[in-house]
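Here subunit A shows up in two complexes: once beside subunit B, once beside subunit C.
Now for the complex of A and B:
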């Protein structure tokens, strides 16, 4: 039984510092939302606000339309997985998972049944009597997840769930957590600074920057249509060029720009002299060419010193692109160039509000 | 051991340092050994080296109702005082973790530790003048027990605080999000993690109270003596082998108590190490 989450104009000040400056967010029941941002952007504070562990200066938190900001954490029906997992070290795995059921005074038989069910869900059915200290990082994380889900919470909160895992395990657990979330169908809010993680797991990604949500959208829309330069360069690599309403302007021409064109490295191609015509293009000298397995990565410097990054298919003829040689780059498909208009940002914000 | 980090870091001057360390420890142990040795003399006065070997002064102490009464009084005072100081010190340490303000935390911490630094005489005189005003506190050990307990609270407080600070700070928030109200958080999350530290605090508190003499001088009712007070009085009358025998017995009790505790905690540590090693190989 999951809920719709709604956050309205939340402000939080810690000491002298305004950590959250008017944050609003809406999520349908069963949505997986990720708060993505650099450290210090306020994403963990926002998670604590939802959990009830952080007091608000002003604003509202609604679960299914009901105000909960005065409810203490233990009455909010939230399941939280902390960054450290925070398993009780003196209890076995089974006792850890039984803790929320004990807090809810459920009878022993039901506790045993639910604990087994939860441990089966996270594939740790045989570990019920083990001590947390004897588990690996990935197993501890799954115990924490089972414990958070045991009391049938309305919403699941994950604080940097992968931070303590090594890279390979991290990728496996991203898929695993997504599977469990979909199986349970629970509204979930996760915090991370890892963009790949955010894109793998989420239905909605909320980009946080200096205490505000810059853009909340599906991973694909964030990548294809960022609202501003911060989102464009935070999520994946981006080449930013001055532009007007028709598209990118001739590079280094000094023509008056009304916006910024976002050109992703994989949308650039190397052009022959014959292909130029009146197409938009950028000329420069190859600084670096590196082979990365599935792609070539090409770094080009324009005469004015602008750096352009280009990602080319692996069968590209590398001989013509050695460092020092001159190249001309153009867009493979002008329709894939996204132009950010500062005016449009204001309009989008109005739409969101 | 030939190339231990200590040896290397000390360099050429390690020899004089070792000599100083040895002399210092001799200064501590030699008088103690003298006391133990004089207790088995056959004479009725203290002499070193002892003259002959007998346990007569031990049986003298153990059969003397004055010594035994004092011993029982001390056991009672130390036992009750320990219970009170462990309760108060633990509550103080738990409260400290629940304070949000940094200034409040450092104030509480300081106020709990400061009693260690106050001269017991000043404290004793203060308590004595309290007892003069309140008749209920005269002719019994209540004020002595309470006073000694308060002297021992800082030891418990420091031990338990260190235990709590080793725990993951997320444990309490996670317990509350899992639906636990505060009594359950204390009972099932905090206390199980600090039993060992409470026990250590109790051992220290007991040792401190059992040895303490200044409060006894001021606060025992007429005719009642704690063991340290009895020893003090005995030493003022005459230096008998009974006094050194009693000292030896008390020292053995203290060594047994602290030694027993440290063996117990070493065993616990070893078990924890084994467990984590097993986990690493599994």
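Now for the complex of A and C:
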């Protein structure tokens, strides 16, 4: 049974520092929400607020419409996977998973049944009597996940769940956690600073910056239609050009700009002189061309010193793009250029308030 | 002397640590300094004691065990050590918790008190307790001031009088290992316990105590073993009627002039202490903590 999560205008001050400055967020039951941000942006504090481990200065946390900000953590029915997993080292895997049930004084038969069910869910059915210290990092994480789900929580919280895993395992576990989350159908909030992880696992990504949520949206919308320059360059690579209402302005022209155009590296193409016409374009000198397997990465410097990054398909003729050669870049599809208007951001904020 | 031996124990045990195979041959000379130290400070005196114990006419060991005052003192010593151990471990664990989680001023106060009492001579602290416990001492003075008592207190030089002072003297040895363990404890486990619905009692019993159990046992074994051979504090506060083993041994050497019996009793004390340590090690794996 999962719940709708709603956070309304939450403020938290730690010492002299205002860590959360008016955070609001809504998630439907069963949604996987990821809080993404640089370290110090307040994302772990927000997770602690949901878990009840952090007191609020003001604001509300609602589970299915009911205020829970005064409820102690143990009465909130939250399951948490901690960054270090926080497994109890002197208990076996089974005892760890049974801990929430033991705390709730459930009968022994039910404990045994749930523990087996949870360990099967995370593919650790045969590990019930092992000590946590004898498990690998990935297995420990699965135990932590099984324990978090054992008491049938209303909401699952994951604090940097992949931080302790190596890259390959991380990618496997991202898919695995997503599978389990969908199977159980539980509302989930995860914290991470890894954008690839956020995009892989989430239905909604909330970008945090200096104690505020800058944008909450689906991964694709965040990438295609960022609300500001911070989101644009935080999520993937982005070329930012001055723009007006109609689109990007001629580069280095000094024309008055009213906004910023976001052009993703893969939306840029190399243009021949014949293709130019009156299309928008960037002229520059190739600084570096590197082969990355599925793509070429091209770095170009304009005469005014602006750096432009371009991602080209692997069948590109590399001979024509040696460092030092002149090149003209244009947009493959003008519709894929997203223009950020600061005025529009202001309006959006007003609407949100 | 006993205190020094107990503190030297980790240093002498450390030489048995296994080494990497390849480097073992080159590094074998590193074993010599601790071995020489062991021979000079531990094995030497024991050999001298054995020789002394065998120098008399009769069997000094059998004679010791036939002496009623000695056998009484053995039980008294064991009881004292056991009670002091339990009390210091319980109080010491609370003390360590307070240092670990208290506000800065509490930490400073408790840590300062602990270190000052460690650095102050046992003799000085024992005399402090004497002044407290004397029939018209500080305790009486306070009780009289509060109009709770008008006659002098008959407490000094009784069996009970040894206990508070022994607990105070031994407390740091129980606190320090537990404190190290409590500070090393992963606080995220407390958060986990809270989030998963455990109340304070379950958190303490199922999460915290098992994590610091080994440290409590090592502290307890250290206090117990040290208490067995303690001399000054029991002697001054317990008085001649309540002598512990070390007091009786001193009597044999200096008053009865029976060096052989004194040496035999010393060997019984050392042997008994080692035996108790080995049993404790078997039961609780104490030496694992020494590495």
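In this text, the second predicted complex is superposed on the first by the 350 of 353 C-alpha atoms of A that agree within 3 Å, B and C clash if a C-alpha of one lies under 4 Å from a C-alpha of the other, contacts with A are read in each partner's own complex, and residues count from 1 in each chain.
Here is the rule we use: a contact is a pair of C-beta atoms (placed from the backbone, for glycine too) under 8 Å apart; a residue touches a chain by one contact, two chains touch by 3 or more.
Being a predicted model, the structure only gives us computed values, none of them experimental.
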*Side-by-side fit of subunit B and subunit C on subunit A, or clash*: clash
*Go through the superposed model and pick first if A:274 touches only subunit B, second if only subunit C, both, or neither.*
neither
*Of the partners subunit B and subunit C, which touch A:147 in the superposed model: first, second, both, neither?*
both
*Should A:53 be classified as contacting the first partner (subunit B), the second (subunit C), both, or neither?*
both
*Counting only touches as set out at the top, which of subunit B and subunit C does A:65 meet: first, second, both, neither?*
neither
_In the superposition, subunit B vs subunit C on subunit A residues touched_ = B
_Touch test for A:135: subunit B only (first), subunit C only (second), both, or neither?_
first
*Based on the superposed arrangement, let me know which partner A:78 touches: subunit B (first), subunit C (second), both, or neither?*
both
*A:99 contacts which: subunit B (first), subunit C (second), both, neither?*
both
*Does subunit B (first) or subunit C (second) touch A:107, or do both, or does neither?*
neither
_Touching partner for A:86 - first (subunit B), second (subunit C), both, neither_ = both
*Overlap the subunit B and subunit C contact sets on subunit A and report the shared residues.*
51-53, 72-74, 78-80, 82-84, 86, 88-91, 99-100, 102-104, 147, 151
*Of all residues in subunit B, which touch subunit A in the complex?*
167-168, 170-171, 173-181, 184, 188-189, 192-193, 272, 275-276, 278-279, 282
*In the complex with subunit B, residue positions of subunit A that touch it*: 51-53, 72-76, 78-80, 82-84, 86, 88-91, 99-100, 102-104, 131, 133-135, 147-148, 151
*In the complex, go through subunit A and note every residue touching subunit C.*
51-53, 72-74, 78-80, 82-84, 86, 88-91, 99-100, 102-104, 147, 151
*Contacting residues of subunit C [partner subunit A, same complex]*: 186, 188-189, 191-199, 202, 206-207, 210-211, 213
